[in-house]
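Below are two complexes that have chain A in common, paired first with chain B and then with chain C.
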Partner chain A sequence: MTRLSLARLWVAGAGVAAIVLAAVLAPLLGLPDPVRMDVAHRFAGASLAHALGQDGYGRDVLSRLLWGGRVSLFVAASSAAIAFGIGTTLGVLGGFLRGVTELLTVRAMDVVLCFPPLLLAMLVVTLLGPGAGTLILVLAVLYVPGFARVAYAGVLSVRAQDFVEAMRALGARRPRIMLRTILPNIAGPLLVQFSLVAASAVVLESGLSFLGLGVVPPTPSWGLMIADARASMAQAPLLLLWPCLALTLTILTLNGLCDALRDAIDPHPIPRRRRRLHEALVPGLLPAARPTGAELELRGLTIEIDTPAGPIRPVRDVSLRLESGETLAIVGESGSGKSLTGLALLGLLPPAARVASGTAWLRDAPLLHQDEATLRRLRGAAIAMIFQDPMSSLNPVQPVGRQIAEAIEAHHRLSARAADRRAIRLLERVGIPDPVRRATAFPHELSGGMRQRVMIAMAIANDPPVMIADEPTTALDVTIQAQVLALLADLKREAGLALIFITHSLPVVAEIADRVAVMYAGEVVETGPVEAVFSAPLHPYTAALLASAPTEGGVPPQGIPGVVPPPHALPPGCRFAPRCTRRIDACDAAPPPLVEAMAGRATRCPRWAEP
Partner chain B sequence: MNGSPAPQPLVLAEGLTRRFAARGLWRPFSTGPRAVQAVTGFDLSLARGEAVGLVGESGSGKSTVGRLLLGLLPPSEGRVLFEGTDLKGLDGAALRALRRRMQIVFQDPYSSLDPRRPVGAQIADGLSIHRLATAREAPARVAELLRQVGLDADHAKRFPYQFSGGQRQRIGIARALATGPDFLVADEPVSALDVSVQAQVLALLADLRTRLGLAMLFISHDLTAVRHLCDRVVVLYLGRVMEEGPTAEVFASPRHPYTAALLSAVPSLDPAHRRDRIVLSGELPSPADPPSGCVFRTRCPHAIEACAAAIPAPRPVGPGAGPGADPGTRSHRAACIRDEIIQVG
Partner chain C sequence: MIWALKRVGISLVLVWIVATIVFLAIHLVPGDPAELLLSQGGVAADPGAVAELRGQLGLDRPILVQYGQSMAGLLRGDLGRSMQDDSPVADAITRRLPRTLELIGAGAILALLVGMPAGTLAAIRRGGVFDRTASWLAALALAVPVFVTGTLLVLVFAQSLRWVAAGGYVALAEDPARHLSLLAMPSLTIGLGLAAVVFRMARAAVLDVAGRDYVRTARAKGLRPRHILTRHVVRNALMPVVTVVALHLGSLLGGTVLVEYVFNWPGLSGLLVDAVSARDYPSVVGIILVISVLFVGLNLLVDLLYGVLDPRVRHG
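Take a look at the complex of A and B:
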């Protein structure tokens, strides 16, 4: 929860508390009796005794306003509370027990939703007679389905979580699971619903009282006051103003509380992207050095993310070089910055993150600090990307063939039919059987492996010379992973595709890559040809990663003790020192630079030459 | 059986079959796909302290087997005996009491812990449900459990979001161990973790298993994770057992083409391993519409016409398969009519 949303919660809460307090304390304020008539002074203006004047029967307006607030707020709060209790119980029972209970609770509530509220109110009032009690009953009945629905939806999403299954496995009784595990997890939306309902109940109470279906005169209520004032609008327009003002103020404060509650419970602030002035003015003009003939070259990339505790740098000074036709693997654990590096190259960083420094070229086109239009021309045509989860990268409501065709149309002028035909050829190219039929399938109709093939077809649609693949096989089964790796190797061989392959799996690196860059805590710690690096690593982290990989032989894999340091708490010296078995005191002095140890190989460990 | 009767297995599954209805309460007249048979005729005998690996691709029914064995899901056919007691015959209270002795560790370290409660309270749940410790004793017991899984005792007051994936998985293990179970189902406990953390958690499970004498069903899609932890391995495909046997033997000489393909598909640091890779064509068929005969035949490089004719029964293979050999449960069995081909190839 951020400090700002907490402050808003306090302000809104204080506003609601003030209104409630004024209503509750009305009898103690020494105001005139709200029902005592004084016909001699009807429509009298403000005076010392009557701060807001007197109404058509000479009753004190301020007193009626506060006493009316008592009635309105009491009716609203108690009906909301009753609806909350009953609705939540029904929703939780229906969502958790399902079956017949679901039919009796949640579906029965849907029937209530079918009654027009006014009709329902008239029916109940006719049966029970008007009054505050009847009003509470009517409002509660009206609001129960809302709570039941919110609770039901919450339970359905929470009950699918493993921690609920864990409680069952522990042998917990159902009431315990419902009360102690499910209820706290759906409390957020229910609280928001409560404040919404309370606000709307105040309005509805006024409306029903206005129509004569609610509070009985002479008991003051805001709705009755409005009804009375309407009759004498021409003589005393101010009489209409006061109850309306009270109503509006109450609703606004309640809605404010509702918003603050929601923000406080669900703290997902959308961070603003700070663009530096020079970036806005001269995009792409800053890089001075020229590229050196590599397919893709990245120099000194540093990524910054603003957090409430100040900026952090999850990627620092990363330099990479990709020759044409080559596969470079970026390997590291979660939190190593490998995915951010890939996203930065395509200008796809999340809004909170920005490139703080660094330059990159795709052949001789600069990549970082480019405007969106330039990047859009490059993406797909000159550099493509595939992701770990193809389900979230594909449009769920469009056939996959059309999606591939659109990728082609984005960079070529051709008819939709020609694009569709090419899409089918591409599906065939990536090994999808029966491509004509599959082209009309939606993503959810395909398996994970098929979807990844569709993503690859989309990525190669415009024959880009460079592709970035971010964990493309991590979510797949081993037999499907083997298929996809074989496909990528084919594409490399036939189309001369240069590939940056981001993964956490060293065996996959050994299978597919020519060179490897090992990343740790946002830095490259070792680079070199795969075979050389894996047979004789020059950095203790690479060695430890290799030892933790599953092996063919009889030696069980060895874990690396400890965790990757988060970017806001980096060790002062070598980032790996706290987990390193070869650490000496000098390692903690200052972060060691990446040094070229031998031809084509670099390491950040200053002790690489020692045995 | 010759001589003394075999000791009673801790967990015994006989002919477990589980169907999931494709039509629900709200679609009584649906004409959609037929019921999906997630698991068919699954047998297992698990002795005290024994670890069995259950391996298969997603959709093979391995998680369903885990839940069937724990009684979290009732079988459509067959039965599960825990120390000779049929889970089906138990009423709610007796089943809940039995839960103290069998526990589960989940795959996803994020959804397996309640985000709203401190982890210590979640570990203590099992203690209070089964009245294993008073409210006063519980904190000391929780601290002990946390230390047992390699965490600090003062971590009890923290919330799940304050831990890394590997630490959360350790907390999940501590929660499962709180009731002192004899049988633990580990449902892909390391699949969501970084490789360096995977090795740590596997080592922890191996250590706990020997120290506490836990019987364990280790579910995994990754054969290599099973290798160092399990005595036996069962390979599942489309809800049916393809092969089962002692881990070392199955890894060294798989006798079912599916096991051989699975083993060869695992990416390896060793270039020699890659030379004779078997890349399976196609994908897992829909369990709603399985192939006739051997369910694997549509992807099998060795399939012949006879494979479509009948569902092959698992039969003894390997060194102990000859006539007169002990037909005990520990033998190496494969459900393939051409298993001798695999042995040669």
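Take a look at the complex of A and C:
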């Protein structure tokens, strides 16, 4: 929980406490009797004895406000408490026992939700007559399903967790499990629901009282006071304002508490992006060196993400070079920073992440630190990208043909029909049968392999010289993987496409790539031609990675001992040192630089030359 | 198609359950309706008169027979006769329902026109001045009960400024200008609260959609920001917003009771409030049934609309 949300919780809590305290202490404040009339002083203004004046019957307004709050809050609190007790019990029972109990306790209550709340209340008032008792009953009935649902959902998610399973395995008795383990875990959402219900109960109580169907006069209630004051609006508009204000403030405070509670429970911090001044002022002025004629060149890319525990650097000092027509594979485990590197090149980093330093060129065009309009013209036209999961990467409610066509329209002036025709030709080119019909299909109507072909069609729509493919085959099964790889190889050959292929699969690297960059914990640890790197790795991590992959020769795969260090607790020296079999003391002293070991090959391991 | 039929079937079952519950509520709750009706003011009723009324209302027949009769009546559209003036309940409802629907419709249109663009803008400029101001206003609008909003509007625009009449109703055919001027304040009252809901929902939906992978794809294609916003973000964010609006329209059917009362708008609710005060059971039951049916029907409409907006649902 952040400090800010904690502070909000305190403020909202104090507000609610103040209102409750005022209502509870009303009898002790020495105010005039809220129901004593004094017709001689009807509509009298503020005086020493009557701080807010007197109403149409000469009753003290301040006193009625406070006593009215007592009634409202009493009705709200007791109905919420009753609904909480019954609803939570039913929800917990339903969620824990499942089966018939679930049907009876949770599903059956959903019927209550078929009635608009105020109407159900009016039905019950017709049957039982108005009064605070009826109100409490009605409101309790209305709110039971809400609590039951929250408790039910909470129990379902908690009971699946290991520790509940563990307790059951240990033979703990059921009631004990429920009380000790489940309730504390679902307390948060229930607390939110309670404050939500309390606010809603105050609204409904005042509404019913306003209609004359709630609290019975002369008992003061805010709803009744507003109804009374409406009649004398012309003489005494202030009489109307006070109860309106009291009611609104109370609900606002309760809602505030509810929001604060929800934020406090919700663990997702709001990412706050702070742009550095020089980034805002001089985009594009940072590149120091000039491009060197490569199709794509990246130097010293470092990406920073702000977390509550401070900034982390999931990508540090990454340099890559892609010659024209070449395929470069970036290989690494998940979390090694390979996808972020690809996204950074197109300026598509998620909002929480930012490029802290580095330069990149696409031929002569600088890439990082560019404004959105410049990048927009490059994306899709000069550099395209394919993503891992074609299902979520395609808009679910647009026909796929249109999604391809709009990629063309973004960079060319042509009619929608012409674009649609080109989209169909592209579908044909990526090997989709019956492209005319498929163009009108929605993504969910296609198979996974076809969806990825659509993504590829979209990427090649404007014949870009460079394409980044971020794990394009990971979400597909093996035979489809092979087809998609073959398609990419075809396109590469036909169009002379330069490709950055991000993957965690070594066999895929061997199949498609010319050169490989191995990433570990946010850094490139080794680069070089695929055959050379695979046959004689220069970095212990590459060697370990190769040893961990299943081979045809029958050598059993070897796991790498230890785990990837989390990005907020990286070792001070070489990031692979804690897991490395060739580690020496010098490895822990300082991060080793990437050094050119032999022509076209680089490694971060200073011991590469040793046997 | 099968999917739509299934939705209709579920809705019909829901309506039947609601009707049964209303029937049971009247007949199984302790206290005899006839006795309650005749014993107003705490004076015990004359047993003879109670028995006579029970006969009139058919309360002396076995409960299953009564249940069968009232369900059969419902199927014919017969909701019984009012206890206040013996007129058919269905007639009064048909006369007043369109006025209530007009109010809700006007409020909903107003809410969508204000809430959707404001929510989208707030999401785009998240954390900016507009976002913070609008979010705060929405929180305020949500905290003020409708009858307070309505009453305060009357105080300002009718009582102090004298721009419009405090309330009342004139048929559209009779005097269109006056009809609209009388419609303004009650529909604004409904619209304000609903606009706050739409705003919050639209803001959350736009933020959610903006973080989706397909929006990243749209950016990767080099689409113009305006194109991404209209074709990919707002279009897809509409679905949850429409759902929420429609669901709220349902509870508005109840909430308008207060608005109509404040502005003296002769819709369903005046009928309902009178019927509740007079313990006019056939009228109360009839009105609540009609509103519940509308509520269920509206949910059905949302489901069907969802199928139009989201092609995935049709196949689910």
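Heads up, the rule we're going with is that the second predicted complex is superposed on the first by the 460 of 611 C-alpha atoms of A that agree within 3 Å, B and C clash if a C-alpha of one lies under 4 Å from a C-alpha of the other, contacts with A are read in each partner's own complex, and residues count from 1 in each chain.
Note that a contact is a pair of C-beta atoms (placed from the backbone, for glycine too) under 8 Å apart; a residue touches a chain by one contact, two chains touch by 3 or more.
Everything numeric in this text was worked out from a predicted model, so none of it was measured.
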State whether A:Leu123 touches chain B only (first), chain C only (second), both chains, or neither. second
Per the contact definition in the header, classify A:Ala482: touching chain B only (first), chain C only (second), both, or neither. first
Looking at A:Val397, would you say it contacts chain B, chain C, both, or neither? Reply first, second, both or neither. second
For A:Gly380, using the defined touch cut-off, is the partner it touches chain B, chain C, both, or neither? Pick first, second, both or neither. second
For A:Val508 in the superposed arrangement: first (chain B), second (chain C), both or neither? first
Look at A:Leu196 in the shared chain and tell me whether it touches chain B only, chain C only, both, or neither; answer first, second, both or neither. neither
Which part of chain C faces chain A closely enough to touch in the complex? 14, 17-18, 21-22, 25-26, 29, 31, 127, 139-140, 142-148, 151-152, 154-155, 159-160, 211-214, 216-225, 227, 231-232, 235-236, 239, 250-255, 257-258, 261-262, 272-273, 275-277, 279, 281, 284, 288, 291-292, 295-296, 309-312, 315
Complex contacts: residues of chain A adjacent to chain B: 99, 103, 161-163, 165-173, 176, 181, 184-185, 333-334, 433, 447-450, 477-483, 485-486, 504-508, 510-511, 534, 544-546, 548-552, 556-561, 563
Residue set of chain B touching chain A in the complex reads 25, 57-58, 70, 72, 95-100, 102-104, 106-108, 111-117, 122, 125-126, 129-130, 164-167, 172, 175-176, 179, 194-203, 206, 221-225, 227-228, 261-262, 265-271, 273-274, 277, 279-284
Footprint of chain C on chain A - complex, ascending: 111, 114-119, 122-128, 199, 203, 206-207, 210-213, 223, 226, 230, 233-234, 237, 240, 244, 247-248, 251-252, 255-256, 259, 272, 346, 348, 350, 372, 376-381, 384-385, 387, 389, 392-398, 406-407, 410-411, 442, 444-445, 455, 458, 461
